[in-house]
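What follows is a pair of complexes built around subunit A, which joins subunit B in one and subunit C in the other.
Take a look at the complex of A and B:
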C-alpha cells in the first residue's frame, strides 16, 4: 500500500491496481466507460482523465485507469484542467452518438447520459449528420446490438476474452468505421451472454428479453440472491413498480460471483412471475378441494401430525435456513422424519459460476442436520407413510409431478406450495410466497450466506411459509403436553 | 552546388547491388565481420553508436544508442529479446526506406544483425508495409542469400552469435507503423497501439524486451561501426549527426530521395537537388517531414534542416520527407486530403482520435467544397487542441491535430475566404472520374 492524496485527502492505495480504483474506493467519482473493475484496463475511452502531480513536476492530465498509484502522488479529479479534458473527450464521444435516449432502454442508468448531464454542453457543435449504422443487429438469442449507440469501449469484447475465456466479439474495421461484431456474424453462444448488456455503458447492447419492457426509473430494485444453483450469485431483483419481475441483474460480490451471473439464473424470473398461483388454502371435502380459511387447513395439518407417530416432512431445497429450522422443529415436535428433495445435477455446470447443483440452499439445510434424498426415494417413503407434509417452492416439480399424483389414498398428504398440487393423497394445501416475495437466508456451496428479499408483494391471501409455520407452532400444544 | 560526402546511397546506385556478390564486392558485411571477429562486445557497439550521435529516423529522432541501452541487463533478465525493424513506411511523403530495401537489402540485413548483436537479440522481425512488394521480395531474397553464406542463423561467421531474421508483411494499415501497433500486429492481433508504459524495452513483443528501429536507423549502424563514432559525429550540426535521406516530393521538378548531411538548408535541397518549384511558380507551403508535421510557409525555406532548428520553427524534421506546394495550391483541399487520410487510418481505440479525425475531415471537406460554416475555423482549432498533445494512447491523434493547427494558424485568411465565398477560389478543375474511398 502507498499513500496518495486524492482531492486533498490522504488515502491508502494499492500500487498494483489502477489509480481509478483508489479513487472509487474512496468515494471519489471518476467517470469511466472502457474501464471496468472486473476487466483488464485498456485506457481507450480517455474519459477518466485526472490531474496528477508527482514531486516538483507540474501537474499532468493522465488517464486514471492506466496510471499506477505511487507514493506521494497528488491527484486532483476536479481541477479545471481535468474537467476541461474530460469535457473535450465527452464531446467527441457524443459526436456520433444518436442521442435517442427517449427510446433507449438504457436511459436512466446510462453512464454516457449521466455524465453528459453532469458535464456536457447543452449544444452540440457538429454540423455533420451522425454516422448511420445498423440499429438492431441480432447477436444471438440473448442480445441485440445497436451499432449507432456504441462508443466502442470494448468492454464486451474483453468480457468474452477474460471471463468465460472464449473470445466471441471483436472490433472490426478501423477508426470511425469500427463496429462490434462476431466472427462471420455468428450468433453468440454460452451461458454468460447477458452480462455484456450490464457491462455496456450505453444502450448499444440490450437484452432481447428486457427490450421495451420498462423504463428503468420505474423499476423497484432489491438486493437478493439467485436460487437457480448452489452458487447463490448476489443479484438485484427488479420489479416494475413492485409488480412483475422484469430483470435479475448481478450485484457485485467479489466473494461469490464477481460482477457476473449466468443466463440461466438471469432469465429465471418466469417462475417468479408465473400465473395460476395457489391462493389461501384448500381442503378436501368429500372428493372436492374447496377453499377454506388458512387457519382450518393449519389445524388439519396439526391434527394429522399429532395423531400419527412417524409422519414424513419433505422440504424443497429452495427452503431458506429459517424455513428449514422451523420445519425441523415441527418434525421434532411430532416425532416425524424429515428430508429434503435432492434432484440430480444439471448439465449446466461450468468452470465459472454455475455449480450444476440445482439446490440453492443445500449447505444451509445440511448444516441444520437435514439430509437430501432423491425424488423417487422420497415419494416411495411417502407412499409407505400415513401422514406426509411436503413444503416449499417447487417441491412437487422436484419430487416428480407424476409420482406425486399417483401417491396412494392411504397417505394423508398436506402441501405448502406456490402452485396447486395434484395428488390422489392430497388432504389440504396452503399457498406460500416464492423466492422474490419472501425474506430469508440461503447458504451457498462455499458456506457464504445470501439474503432473499421480498421484492414484490405475494398474491392476495398468500403468505410466506415461515409465517404459516409460526402459526402452526402457536396452534400446536407444547411437546410435553403432546407426550403426556 | 556544394558537394557533400555520401555513404548511405552509394551502393544503392550500383546495378545489381541487391545481390550478395555485388554487395560484398562493394565492402558489404565488413562491419559485421569487424564486430563478430574483431571481438567487440555488445556494450562496446552500443557505446560506439551512442557516441556517434545517431538519432532515430522514424520520425521522433530519439538517440539510437540510448534506446539500445534501455534494454534490460541480459544477466538479470532471462526473457528472450527481440529486434523489430519498422519498415511499414506509410507516412504520406515518405519513401526513403523503400529505396534502401529495393536497392540495398543486404545493407538492411547487416545493419539489423549489428543492432541485434548490440541488444543481444536472438531474432529480428522486419515488418514491411504490405504494399511494398518489391522491397519485401528483395529483402527476403537477401536474407536467404545471407543465410546460405552463414551470415544469418546459427553461429554467424563462425562466432558464438546466432540470430534469425524473419520477414513479416503488413496488411496496409498506417497505424501498424506505430511501434506498439506494429508489435500487436506482429503478434497476430489487430494493430491497436498499446498504452505506454510499459515501454517496448521492458515489455514488448510477447511481453519480452524489444527494440523497434527504423530501417534507415539500423542501416547507419555498419557505417558507424566500420568508420568509427568520431567520423560520424563530425558530420552534421550540434545535435543532429551524420547524413540523412531526404525524400522530396510535390510540386518540384525532380522529386526523389537524396542523401545530405544535417545542417543543409531546405532551399539547397529544393533548388540544387530537386530543381526548384515546377512551372516557374513560387513555393507557397511545405511539410518538412511528412504530413504529420506542422506546415511551414514558403518563406521559411531557408531553415537549416536538423532536429533543433525545425523545432524552433514550431515544426519537426519527422522522416525528412519534404512535400512542396506551389502558389496555385488550395490549402483547404490539401487539408481535406490530409485529414481524410488520418480519418481513414485512425485505429479507433481512443475517442478523441476516432471521432476527432472524422470530424476534422468532415469540416475540411465542407470548407473545400464551398459549404463551410462561420464557426468552422474555431471548431477546427478547439478540436485539434482537444486531440493533442498526449491525450491519446499513441500519436496518430497528434499527427492529425498538428497540421490542422498549423494550417489554421498560417492560412486562416484563405480558409475564411473559402467559407465566406462558399467556394474554393483555388479549386482545381473537377477530376474526370469520381474518387471512391481514401486510397
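Take a look at the complex of A and C:
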C-alpha cells in the first residue's frame, strides 16, 4: 500500500491496481468507458484522464486506468486541465455517436449519456455528417449490435478473451472504419454472451430479449440471488409496473460471481412470469377440486399429518433456509420423514460460474440435516406412504409430473405449489409465492448466504410458503416436550 | 327593541305597475341587442392556435406514427396519465409504441408531454370535449390518439414559433 493524495485527501492505494480504482474506492468519481474493474485496463477511450503531480515536476494529465499509484502522488481529478482534456475526448467520442437516445435501450443507464450531461456540452461543433453504419447487426441468439453507437472501448472484446477465455469478438478494419465484429461473421456462442450487453458503456450491444421492452428508469430494481444453479450469483431483479420481470442482471459480488452471470440464469425469468398460477387453496370434494379458504386447507393438512405416523414431507430444492427449517419442524412435530428432491446435474456445468447443480439451496438444506433423494425414489416412497406433503416451487416438475400424476389413491397428497398440481392422490393444494415474490436466504455451493428479495407482489390470494407454515404451526398442538 | 319605521309608499309605488314596466323595458331592449350567450354543444367553442386541448399523437405523411416510445412524456407527465410499451418495427427508426394509453380522466392538459417530446410526436390538439358512459372508455389507446399531421399543423407551427423565441443564437 502506498499513500497518495486524491483531491486533497491522503488515501491508501494498492500499487498493483490502476489509479482509477484507488479513486473509485475513495468515492472520487472518475468517468470510464474502456476500464472495467473485472477486465484488464487498456486506456483506449482516454476519458479517465486526471492531473497527476509527482515531486517537483509540473502536473501532467494521465489516464487513470493505465497509471499505477506511487508513493507521494498528488492526483487532482477536478482541475481545469483535467476537465478540459476529458471534455475534448468526449467531443471526439460524440463525433460519430448517433443522437438516438430516444430509441436506445441504454438511455437512462448509459455512461456516455451521463457524462455528456454532466459536462454540459449541449452543442456539437462538428459540421461533417456522422458515419453511417449498420444499426441492427445480429451477433447470434442473444446480442444485437448497433455499430453506429459503438465507441470502440473494446470491453466486449476483452471480456471474451479474459473471462470465458475464448476470444469471439474483435475490432476489425482500421481508423474511422473500425467496427466490432465476430471472427468470420460467425454468431457468438457460449453461456456468457449476455454479459457484454451489461458491459457495454453505450447502447451498442443490447439483449434481443430486452430490446425495446422497457425504459430502464421505469424498472424497479431489487437485489436478489439467482436460483438457477447452486452458484447463487448475486443478481438484480428488474420488474416493470409491479408485474413482469423484465430482466435479471448480475450484481457485483467478488465472493461469488464477480461482475458476471450466465445466460441460463439471466434469461430464466419466463418461469417467474409464468401465467396459470395456483391462487388461494383448493380441496378435493367428491371428485372435484374446489376453491376453499386457505385456513381450511391448512387444517386438512394438519389433521392428515396428526392422524398418521410416518408421513413423508418432500421439499423442493428451491426452498429457502427459513422454509426448510419450518418444514423440518413440521415433520418433527408429526413424526414424519423429510427429504428434498435432488435432480440429476445438468450439462451446463463449466469452469467459470455454472455448477451444473440445479439446486440453489442444496447446501442450506443439507446444513439443516435434510437429505436429498432422486425424484424416482421419492415418488416411490410417496406411493408407499399414507400421507404425503410436497412443498416448494417447481417440486412437481422435479419429481416428474407424470410420476406425480400416477401416485396411487391410497396416498393422501397435499401440495404447496406455484402451479396447480395434477395427481390422482391429491387431497388439497395451496398456492405459494415464487422466488421473485418472497424473501428468504439460500446458501450457495461454497456456503455463502444469498438473499432472495420480493421484487414483485404475488398474485391475489397467494402467500409465501413461510406464512402458510407459520399458520400451520399455530394451528397444530405443540409437542409435549415444548410445553414444559 | 328596535322599532323600524317604514316609508310611506306613494300611489305609483303602491300600484307596482310602473316598476313592472320599467323591468320589462330592459327585457325588451335586450331582445334586440346582439346575443352574448353561446349554444354550446351545437355551436363549438372558439379555438385558436393557443388552445391547449387533449394531447394527440402525430401520424406523419407516410402513415407512420412519429412516436418512438422513448417514454419521456411518460416520465414528464405529472398526473401519471401516460402508459407506453415499446416494440420493434421494420422501419428505419427501429422502435415504435405497441401500446400508448392516455388516461384522459387523469390528464390535466398541462402540455408537459408536448414539451418533453424529442420527436415532435405529441401535440396538444384543439379537442376539448370529454364525455362517455364509463371510465374505461376514457382511457384512450393509440388508435384513438392518432391524428394526421395536417390536423395538428396549426399547433405545431405555434409551438415552433414559441420555441424559436427561447433559442440562443449558437443553438440554431
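Definition applied: the second predicted complex is superposed on the first by the 479 of 484 C-alpha atoms of A that agree within 3 Å, B and C clash if a C-alpha of one lies under 4 Å from a C-alpha of the other, contacts with A are read in each partner's own complex, and residues count from 1 in each chain.
The definition used in the following text is that a residue touches a chain if its C-beta (ideal position, glycine included) is under 8 Å from a C-beta of that chain, and two chains touch if they have at least 3 such contacts.
In this text, all values refer to a predicted model and were calculated from it rather than measured experimentally.
A.B. asks: Report for A:380: first if it touches subunit B alone, second if subunit C alone, otherwise both or neither.
C.D. replies: In the superposition, A:380 contacts neither subunit B nor subunit C.
A.B. asks: Which partner chains sit in contact with A:2 here, subunit B, subunit C, both or neither? Use first/second/both/neither.
C.D. replies: Once the two structures are laid over each other on A, A:2 reaches no partner at all.
A.B. asks: Let me test your reading of the model: by the given contact rule, A:454 touches which partner, first (subunit B), second (subunit C), both or neither?
C.D. replies: A:454 contacts neither subunit B nor subunit C.
A.B. asks: Quick check on the superposed pair: does A:223 touch subunit B, subunit C, both, or neither? Answer first, second, both or neither.
C.D. replies: After superposing on A, A:223 lies clear of both subunit B and subunit C.
A.B. asks: Counting only touches as set out at the top, which of subunit B and subunit C does A:96 meet: first, second, both, neither?
C.D. replies: A:96: touches subunit B, not subunit C.
A.B. asks: Please tell me which partner, subunit B or subunit C, touches more residues of subunit A.
C.D. replies: Greater contact footprint in residues on subunit A: B.
A.B. asks: Going by the contact rule set out at the top, does A:125 touch subunit B (first), subunit C (second), both, or neither?
C.D. replies: So A:125 only meets subunit B here.
A.B. asks: Now for A:445: first (subunit B), second (subunit C), both, or neither, which partner does it touch?
C.D. replies: Touch status of A:445: no partner.
A.B. asks: I'd like to know which partner A:43 touches here: subunit B for first, subunit C for second, both or neither.
C.D. replies: A:43 sits against subunit B, while subunit C stays out of touch.
A.B. asks: Give one of first, second, both or neither to describe whether A:211 is in contact with subunit B, with subunit C, with both, or with none.
C.D. replies: second
A.B. asks: What part of subunit A is shared between its subunit B contacts and its subunit C contacts?
C.D. replies: In subunit A, no position sits in both the subunit B and subunit C interfaces.
A.B. asks: For a test of understanding, state which residues of subunit B touch subunit A in their complex under the given definition.
C.D. replies: 173, 175, 190, 195, 343-359, 362-363, 366, 373, 375-376, 379, 382, 385-386, 391-393
A.B. asks: Under the stated contact criterion, what part of subunit C meets subunit A in this complex?
C.D. replies: By the definition above, subunit C touches subunit A via 68-72, 74-75, 83, 85-88, 92-95, 118-119, 170-171.
A.B. asks: Under the touch definition given earlier, write down the residues of subunit A that touch subunit B in their complex.
C.D. replies: 42-47, 49, 61, 63, 66, 85, 88-89, 91-93, 95-96, 125-128, 131, 151-152, 154, 170-171, 173-178
A.B. asks: Considering only the defined contacts, which subunit A positions touch subunit C in the complex?
C.D. replies: 101-103, 107, 122-123, 135-136, 211-215, 217-218, 241
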